[in-house]
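Presented sequentially are two complexes of subunit A, the first with subunit B as partner and the second with subunit C.
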Partner chain A sequence: MILDIIISSLINGSVYALLAIGFSLIFGVARIVNIAHTAFYMLAAYGIFYGTSKLGLNPVFCMLVGVILVTLIGLISYRLFIDPIREHEGAVLIATIALAMAMQEIMLLLFSGDFLGVPSLIEGYRMIFGVKVAYQQLLTFGVALLVMGVVLALLLKTRLGLAIRSTAQDREVANLMGMNESRVAMITMGVSVGLAAFSGAVIAPLTIVNPFMWMHPLIMMMAVVVLGGLGSIKGSFFGAYILGFAEALVVFLIPMGAYLKGSVALSIMILVLLIRPEGLFGIAFEEER
Partner chain B sequence: MKKSLFGLSIMLTACLLMAIGMPVNAADVIKIGVIGPMNFMQGKGHWDGATLAAEAINAKGGLRVGNKKMKIELVKADSNEFISMTDATNAMERLMTQDKVDFVVGGFRTEAVLAMQDIAMDYKKLFLGCGAAHPEICARVGKDYNRYKYWFRITPINSIYLVKVCLINLATVNGILKKELGIPKAKVAIVAEKAMWIDPMIKAIEANVPKMGMELVGSWRPSDKATDVTAELTAVQRSEAHIIFTIFSASVGITFARQAGELKIPAAFVGINVESQKDGFWAATQGKGNYAVSLNTFVRGVAYNQYTEPFVEKYISRFGELPTYTAVTYDAIKSTLGEAIEEAGTLDAEKLIPVIEKAERIGVAAPKAKFDKNHDLVFGPGYATGLTFQWQDGKMKAWWPNGWEGVTYKGMAPYKIPPWMVEKFKK
Partner chain C sequence: MGILGFYLRKLYTVFRGEVLVLPSRVVVLLFFLVLLLLPVVTQDPYLLRILILTSIFAIFAASWDLLSGFTGQMNFGHALFFGVAAYTAALLNLNAHLPPWGSIPLGALAAVLAGLVIGIPCLRLKGTYLALTTLAFPIILMGIVFAIPNITGGELGISGLDRLSGSRLTDYYIAIVLMLGLATIMWKITQSNTGLIFHAIREDELAVRTAGINTTRYKLLAFCLSGFFAGISGGLYAHFMRIAGPANLEITMSFTVVIWAIFGGVVTIYGPIGAVFILNPLLEFLHFWPKLRMLMFALVILLILLYMPNGLFPWVRDKIETECPRCKIRNVATRKTCRVCTAQLD
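And then the complex of A and B:
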């Protein structure tokens, strides 16, 4: 049973990690709480559904086009709705909620509330220590590790990464040092939405495509980010697997209460926050950053 | 000047009346509210079934009420009950106070229907339920007849009978496994979403499985909106269950069927999976939902009586998909309500109730339909039984009742065990 729990938590955790890394990135750099993050993930899933089921296109091609289009939509949304009010964090929060709701309603109008599916990139499953794991889930796990590696490399090994980190540490000083803080935020938004879209492309075959599919992952993703420490990418990564583990534990130990797995995961988050308010890997809140 | 002002005000009033769409002959129309989650297949079924019924009645000039003919006018109300209970009660209030409908048909989730039922009862309006299965909704009629007598359940059969059918199905599949795979004592796992209507069913199933000579290995209750049940499936597989008894009415039914198919879980299915009743299920599961089982009301090529197939064919040609059970709003309007109105010659609910209570009608969803003292649909041979079907290579095939209590409908097919289960257990 222990192996079952570990493997299940790695699979569940990978899905949350993929979503949380992008969310954490934009929060850490631009202090933008982008509630619409998982709505972009939903848009990508619909794009892939439309491309594969309605136009009969290759899933990988649809995935690439979907990620590019959604990233563009994300950048336009940033320019139109977020950038003008960026200094007011509360307003940004509400604007992104409105943005997510608008995307939901548009999808509802275009595709109705029907539950839809997209094909797996790799069909079938593999036995790992006696546990059946679908190839698509293994792919998600691999992609989560890869994305984590790529994001860390971007942040630590490139000039853009240096700019992003500097902006995250102190926006005003970064500005004074000649960095275009607004442009860095926009690029980070592009990367963040691109990651959300990419997550949508990888996760969509594991889930059901519908206009409300962004809500549950949003809650879990926020729990992961808060647990790991707001703005900490490493924290998001580990937080995701901790919550994935908690969920698997509930399913295996309390089968009749399997529906409580989300609530238990959120309770763990609250517990951690009571003991360590800044989250596992976060830095203590400061008056000004 | 005065004349032109007067003319202008007349024109404005006329425009206003046109804008709010005041019917010229509102008194000659029977207004029926159709309430359901209209952005989902259940609500679409409500609306589409009602539409066909209204069109059929109106094509004949309407219903004869006393000495005049009255046409049907449908009013769509989106209960949005999957997302918000408040939306559901608001939609019902709007039907009562703003649209001032004469009757209401529809409703889906028990939790929402109980709340909507109270509103309809407050206004003493006939509410014909076409979706919720919980016994409590009709038990209220028995407990407080004067308040709840305006409620009738048109479809489905209540969840006690649903359990009964599922247990009969379980015994049938157990027999098939014993005969074809030599499994002497089948192990049964229950996987049911967390929902109010399912709670009493779980207790009944857990109590009956051992009595039926099978072993219960566990019950798993994922959330109705769960987007991943691989942990549950892994646990079920660890329990070495031969039969998975599913009870799903929401999206988790698709997730479960797809992931069980992807992982080729070596078990046979019985139970209910409402989402699998829809044509789109095959595409939504990307064909992985093969061998999924559910109860249903309509399956292509299967007929309860001479009216079923023409209705199903007309529905498919008009809406491009098989009707789900919520489309039995067709019977609610055309036979239950329509025939009662013509017999009683009135729209007065107080006079219609005794007519509906006594009648035995032939609709499209059962050989015959009648109601018990709690205004619940009567189950049994000759009356409503429903069908049990299985997805077999992209097609729904009905496999029950096939000789049960002497009941067999035209167009039945045998149950199939998933080949990966046969491969694992065939001696």
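And then the complex of A and C:
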């Protein structure tokens, strides 16, 4: 029981962390609240489903192609619909909502609303302290940690990462220092969508693929980001595991818990915000005037 | 007789001088007249039904604008007010046998309470934090609704409420008159001193505080007012559809109201109402392609935003009217000089 809770919270937590880091990045750099973020996650899951079940391709190959394709779609939709209206915050907001809706409807048209399953990359399981742990679960967890490590290295060790971090801190000054702000935003969008696609790809075998699968992760991801502090990678990381753990506890321990899991996680977020309005690791920015 | 004639002539002069000179005012007048006189021409139940729902949603969208447009407190969980009022009205109607004219205002009061409950913790938050936090409240409530199905009916909701009134035509007049009345009240609020403070809070809260105004009180007031109007629309919806269900609290509901309001143009009150009257019937008439309609809806919004990021109605208004540079009074775009101060317009 306890191990079940821990495993489930680690896996959900890693996926929320991947999603939340991507969401935080694009918010930090371009001040875009990308509601369509988890829609890209759904798109990637469908890509894997189509590749493995319909075309019968190698799952790992499918994952790579899927992630690249979804990243391209993300960049194209950013160029077409979001970039031209960047200055109008409200307009960007509903543009991303409309994008998410459009993607959901396209998937509904192509694949209907059926609940679909994706076969695991590796079959089999192993007993750890008497609990059945599928290899797929271990793989998902490991790969998620690995990708987070890569993203951190990208942000902290490379020149591109420096550009992204400085643009997030102060867009105008970064621009004055000779960084091409719109190109940095574009690259960040690519990284962010790529992360979303990746988390969709690794979670697809463990979950049910359907056109509405983006709603719940979206809510959890936003809760994670707010809990951890907007724009803080460390905050997103810890927030994701805290909420993942809370969710797993509720599902396993409380009757009717599956209905209440969102409520409890979100209540935790609100409680933390009452004590620390800028989130766990957020920095209270000087008010822009 | 002479007195009456005098007042009639005066009324006519005011009408010609204040209403007919501006196309936007003529359009608003026509909008009122068409809606009120429509049943004389046709009483098609399907058309009336669409218009009733449209006007209920118009109240809802305008109430979002009152809170989020005017005070800038981005509320992503506006469905909370709608759902709380709908559920309260439904429970009061079924268990206490209150008629609609009692249950709808009480539902709206429950929504005001909800506004206070979420307003107090949210006062400390700003901008995106606020938007993402308010998103959480309807979802928390939805979890509770699902967890206690013997009171709330769980996924099925509460059905079998009393009808709004006996006939479709009366329903239509109740919805339309309420919509026009409440919209006028909201517009009046935004034109008053309170509305001015709301504007100022959006533009620069610190400056408002420095001027000795208690912004906390005004933000709470905005939450409560907006909750009240949204609550009335929620109660009307529950009684018209005769069901209050979890669909009223869904995240889609909160997003739709944001889409309507921003599409029509925020900080206007008339913008969201106009947007609902365009988008909602559009969605109904797209039912020839049931599978494509939400997709078309999304694409229409994306394309229109590319050309008018400030919203449809401010864009149209800027095309047909210009503001006098000297006295800030609006004029028809065809005029060469201002109608009041005769300054050159360009």
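Quick notes
Note that the second predicted complex is superposed on the first by the 276 of 289 C-alpha atoms of A that agree within 3 Å, B and C clash if a C-alpha of one lies under 4 Å from a C-alpha of the other, contacts with A are read in each partner's own complex, and residues count from 1 in each chain.
Simple rule for what comes next: contacts are C-beta pairs under 8 Å (C-beta built on N, C-alpha and C of every residue); 3 or more make two chains touch, one makes a residue touch a chain.
Everything numeric in this text was worked out from a predicted model, so none of it was measured.
In the superposition on chain A, A:Ser53 makes contact with subunit B only, while subunit C stays out of contact range. In the superposed model, A:Tyr259 lies in contact with both subunit B and subunit C.
Residue contacts after overlaying the shared chain place A:Val193 against neither subunit B nor subunit C. Of the two partner chains placed by the overlay, subunit B and subunit C both lie in contact with A:Leu108.
Residue contacts after overlaying the shared chain place A:Leu139 against neither subunit B nor subunit C.
Looking at the shared chain after the overlay, A:Leu274 reaches subunit C, while subunit B stays out of its contact range. In the superposed model, A:Val33 makes contact with subunit C only, not with subunit B. By the document's definition of touching, of the two partners only subunit B reaches A:Ile208; subunit C does not. The residues of subunit A shared by its contacts with subunit B and with subunit C are 108, 256, 259, 261-262. Only residues 27, 33, 35, 81, 84-85, 87-88, 90-91, 93-95, 97-99, 101-102, 104-106, 108-109, 215, 218-219, 222-223, 225-226, 230, 256, 259-264, 266-267, 269-270, 273-274, 277-279, 287, 289 of subunit A touch subunit C when the two sit together in their complex. Those residues of subunit C whose C-beta lies close enough to touch subunit A in the complex are 121, 124-126, 128-129, 131-133, 135-137, 139-144, 146-147, 204, 206, 251, 255, 258-259, 262-263, 266, 291-292, 294-295, 297-299, 301-302, 305-306, 309-310.
Every residue of subunit B that touches subunit A in the complex is listed here, in rising order: 37, 39-41, 44, 82-83, 193-194, 218-228, 230-235, 237-238, 251, 254-255, 258-259, 262-265, 275, 280, 283-286. Note for the complex: subunit A touches subunit B at residues 1, 4, 7-8, 11-12, 15, 53, 108, 112-120, 123-125, 131-134, 136-137, 205-208, 210, 212-213, 216-217, 247-248, 251-252, 255-259, 261-262.
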